[in-house]
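Note sheet for the following structure.
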């Protein structure tokens, strides 16, 4: 555990600094509010009303998120494998090639179906 | 071998009838029925009175469950087989035109299902493996279901469903007991369903009682007995009379047959333990059936309920455990078959003429159709147990046995005879005598074909009424054996 | 060690309750993920307790499964939204009895 | 980190698994690289080929599985003891593969719906939009269903063969996830279908969460995930009993959900009704088979020594399932829902079988074991179900399949054959003699009775009476009721569906009349290995 | 699964030097790192502006202090004195939280960066590194990706279209390039046999991984630019499209925090690159031949920061010379080139490794294995983008969907609405782009009608 305590120290310092500056910004500095200023910025025009029923995000972002998850998982498996590769040698290689190939099948499918194309 | 043939003939017949063009279907069907009749007689000739189980054949069916395809007949089985093979052709002839009546599913289907039913019933009466028995026991329901649901009066669909549910319920309860028997035999180290093996087991008291309950409920529903008889009247009312004959005169016999075969044969101790209850139920059935019958307005319902009363007698006879009782019961099974068949068929002809089954709307038939009225009278008197007609003999035997058992039982049974005479004669009076119905076409009398159909039944009634010995000769040895298994010595068969 | 187990139990319960009470399909779904992660925590904690790696390996696989579930779940839920304009599981009521 | 030991991989014994998985992956590749025009053919051929190949593999493996150490059972522990290729596994593999072949045939059926399959032209297109119209006009169809099915099959094979909780969990998910998707792909009534998918997914994921936490707790108890060690730990009960008890409970929640046992049956009717009928057919049959395989392995192999803590629970659940399933089924007006509830009831019956004795040393000579009975029941149930649903997919009107029961009135006259076959399947489910269902019931009841679970058996008998009523009711509607409007019409299927139905009916009949061989096969399968 | 008992509990020998410090050393180190980072940021900003100015033939900031070195400090003070605006449509709490979340991880990552060998630190022998652990690099990646939350939350909570899109974009591109980055590192671990930074540095004493693993290095450098949203990949802040991107609505010190975080990340990725590929604090070869004291004492700091600034300069150089990429090209680069290539590269490296490990392996086994992957890769490269766009996989509706009149939900934009019962507070009030006049992405386009 004591390997991690220093991180805690650094984290505390950093957090302290961040919080401090956020508060500072609130305290210091003039406060001359008006309605227009508090509107969300839209090039000076009247900001658009927010609908009930949910903000909506292009579906592409979901696809990206899913793909990210998939590959992140792959990476999770690759790291320990890489670190202890020397012990597994050929066996490790073959198994991982099979694994990567399998993931690649899905990857190919997504690619072909335009899952990777942004427009 | 002959028994397998006996079962296969109608089965094949059913399939053939189902596929041949409708024009010839009835002839084909009848042909197969006749062939079966012949086979049945052949089997009877090969049967040696008093040798116990005969014509046996045994093949392994499901090895890992110890199930066999095992057939054989003893006195009881033989009589039932003969009753079946005789009645089926008669029913077919009687239903020759009826099945084609509008709203029915056509003669072709009727004949096919009838043959199927015959095949299954024959299998039931000859099976000597409990599971085989159970299988065909349930299998009889399918043709019966389609016979009831497919032919007859409006509302038959409901009746058919009710019938099937009752029977299935009984069957499944029995299944529990069947499995129970199997488990017992398995624990005994030799898992088998063969009756011969099972009879050899000695099952402890409580287990016996549980198993007995299972079997008895199933057979009571089948037979029918009070309080699980309610499907009977509905069914006989809605179905065609032909179907009713098949049901009441053949199928229901499986109930009493089963009681003799399994309750007494396999679970004698439990049977004696249950005797008081069963006898009470039997007496209730006798009286209740008779009383309700009196109140009926629908002829077919009435006849159905009379057989409730009769089955009461049969069960009574079985469970008083005396040679008289048993012999009487078995004899009764045959006679009742004949008599009730006669009643149903006549009633069927009657209804076809009057166009109604309501007693209230009938009357004065005897003037227009004396022959019909005559048959009807004979049938009714037979049901009432008039001396000289075969049911009398069996009834007497049962009542004697009842008195031997306990005077109360006997006297209640006697009371039933009075009631029977009453409903029979009163029904006759209301339908046949009295003023003619207002504004109705005069009832045509029976034609030659119909007389030809009824005649053999009538003859049988008279013959066995005066000379029941051939039947008794077949019966007594069986009774001797079965009573011996219950542990009651033989004190001379009835003369 | 027990603290971890207790924590995981609490997390699991929260997720469980969430699934049963929340009405927004996405939220329900997130609660399910929470349950899975509670399981992970328990696995790792037990692995530490028993001093073998089975639990940690399991955690890996659970992550994979969770990922797969996310992908499939989002796909299904999206289709429903686009049809129904609503994420409420109460609106999904065509099928009953 | 100590020295790495390379696990042995028994490629021969795992052949069926590998083939199925490979076929599935290939299917994805096909999906990715072949032009749309040829995909349908390619996929069907690929799927069927893979399944048949795997089936052959199962037979070959089955012929020479070595005896396991003590000789009581035969089998091999593959891949470092994570997969048990033993008799029951092989039996279930064979069964699943056979059902899957039937499933593929149903999936591939195109004739019923005017030249298109039962699956949505484009799942992503919002129903009622031009997009959907376009996809329909273009006669699009999702050929992805075949790879999905193959993955599901892979899961169904891995699930019952898993010899440790982790593998079992993975199998569970691999089997479930594709099914979630598949049940959302119906071409008609897409809202229902999507809703079914949503419910199935949410509840399924929920239950698998329970399973996982149970696994965690059991791991905490035993300190190991594989069944043999868990069994050991249970015997000399190390660790705290409460962990074990709760763990067992949670595990069984996950498993019982999959088989749709009360009180975890809520999803069954919705999903069965909403999913495309071919999917329902495949799912209803396959899932149950696989899941019961897993249940038996878990309870017998891992928790066998703890019998007395889980048996009472199973007693109650079995009884509940039978009664609730049968009772609710009676109230249904939709044939698919009715079949769903009846499947719940059947779950109860099979559980009755699970309650029996399984180890050969507990049995009298010639007595059949629980495993044997359950395996047989699964076989009978699987084929009857898949056949019944196949028939359901035939009965149609202008709006596609007509699943409302009252619209089935008069089917007996409209198409006697179809009605007869369906009636036959129903009778099989009701357990009428001369159908496979009867022998199945006989087997499970007798094992339960032999194990002294007579109350359950009595309950089962009563429940089957209720169930009988509901099947008879349907038959009555088909044969004796007046058709409403212009009655149902029966679409004439291509050889694919026809084959499936025919085979299903044939097997149901044969297993009813001559169950001997299959029973013996199940007996040869013997016990689970640990 | 019979696995080895867990040996990892006790840190492996390589890390023996760590976890021994008394509390004051730890504290001192932490403070030092913090200061270094802040100063570094200030310096970097100035540095960037000067260099870019040079490249554009300008002078750049030169007023405050020598060479205008204090320019960025002045900017900081100015920002602090600016008015602090919280839009009324914003979700206050998250809005305030976001900059903190973005900043803190940026600092923390530096905890495991090795600045130098074991030195005498105020009379106490300790390595010039706050701490180290068996999974240091993994730790860095994990913490770094926490920073993304800051950005996406900031974008979301502002309750403004631009912010939201900006946040989404940056998070999307960050995760996309994180994959490539992660894959690039695998090869390093493969050779170093460890994930602890100090051991990786130690493993490079003979040869820098940057040279033997050149492809990994290149991939890493590309993805690190993407990871930090720097030109030419600075699409989240594409002024022309998105105004300020996710921090459009931020002002005063909160904005400064985002700014700070961005520049620290800049330094962080550079530091990681230095550590993993350029031998960390080790002096460039040749030097210790002429002067063996080069790798001892505090000198390594020199080499470390030297290498670090090379990277910083590279960043600036890129910004000064390259135009901004288009978003689709950018994503395509990440997903369709970097990932497959790095996967292939990993396998290649592993293969080489195996061969070197056990010289006599039967080739067929190996060839078969490679063939599988090669075929797949080649096929993919070959068919390339010709893949038809049936929406099936993308979940995106077929084209026709866009022109559903008044269907706010058209165009395949399914997204969970805010929790039932509608918006709770300002920014949580659900967004729409329905009538927004902006023409940012095709995404927003389809929403117009």
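So that you can tell them apart, the chains are marked A, B, C, D and E in the order they are listed, and the count of residues begins at 1 in each.
Going forward, a residue touches a chain if its C-beta (ideal position, glycine included) is under 8 Å from a C-beta of that chain, and two chains touch if they have at least 3 such contacts.
Since we're looking at a predicted model, the values are computed, not measured.
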Subunit B and subunit A - chains in contact with each: D
Comparison of A-E and A-D (more C-beta pairs in contact): A-E
Distance between the centres, which are taken as Cα means, of subunit C and subunit B, whole angstrom: 64
Euclidean distance of C-alpha centroids - subunit C vs subunit D, Å: 25
Subunit C-subunit E separation of Cα centroids, rounded to whole Å: 29
Whole-Å gap between the CA centroids of subunit D and subunit E: 48
Residue numbers of subunit D (touch at least two other chains): 1, 3, 32-33, 123-124, 126, 166, 224-225
Shared-contact residues (touching 2 or more other chains) in subunit B: none
Junction residues of subunit C - those touching two or more other chains: 25, 52, 54, 57, 75, 77-79, 82, 85-87
Contact footprint of subunit B on subunit D as seen in their complex: 364-368, 372, 427, 430-434, 438-439, 441-443, 445-446, 449-450, 457-458, 461, 464-465, 468-469, 472-473, 476, 479-481, 514-516, 519-520, 523
Footprint of subunit D on subunit C - complex, ascending: 5, 8, 12, 15-16, 19, 25, 28-29, 32, 35-36, 38-39, 42-43, 45-46, 49-50, 52, 54-55, 57-58, 61-62, 65, 68-69, 72-73, 75-77, 79-80, 82-84, 89, 92, 94-97
Sites on subunit D touched by subunit A in the complex: 1, 3-4, 6, 25, 28-29, 31-33
Subunit D-touching residues of subunit B, taken from the complex the two chains share: 61-66, 131, 134-139, 141-142, 145-146, 149-150, 156-157, 160-161, 164-165, 168-169, 172-173, 175-176, 179-180, 182-183, 186-187, 189-191
In the complex, subunit A residues that touch subunit C: 53-54, 59, 62, 66, 69-70, 72-73, 76-77
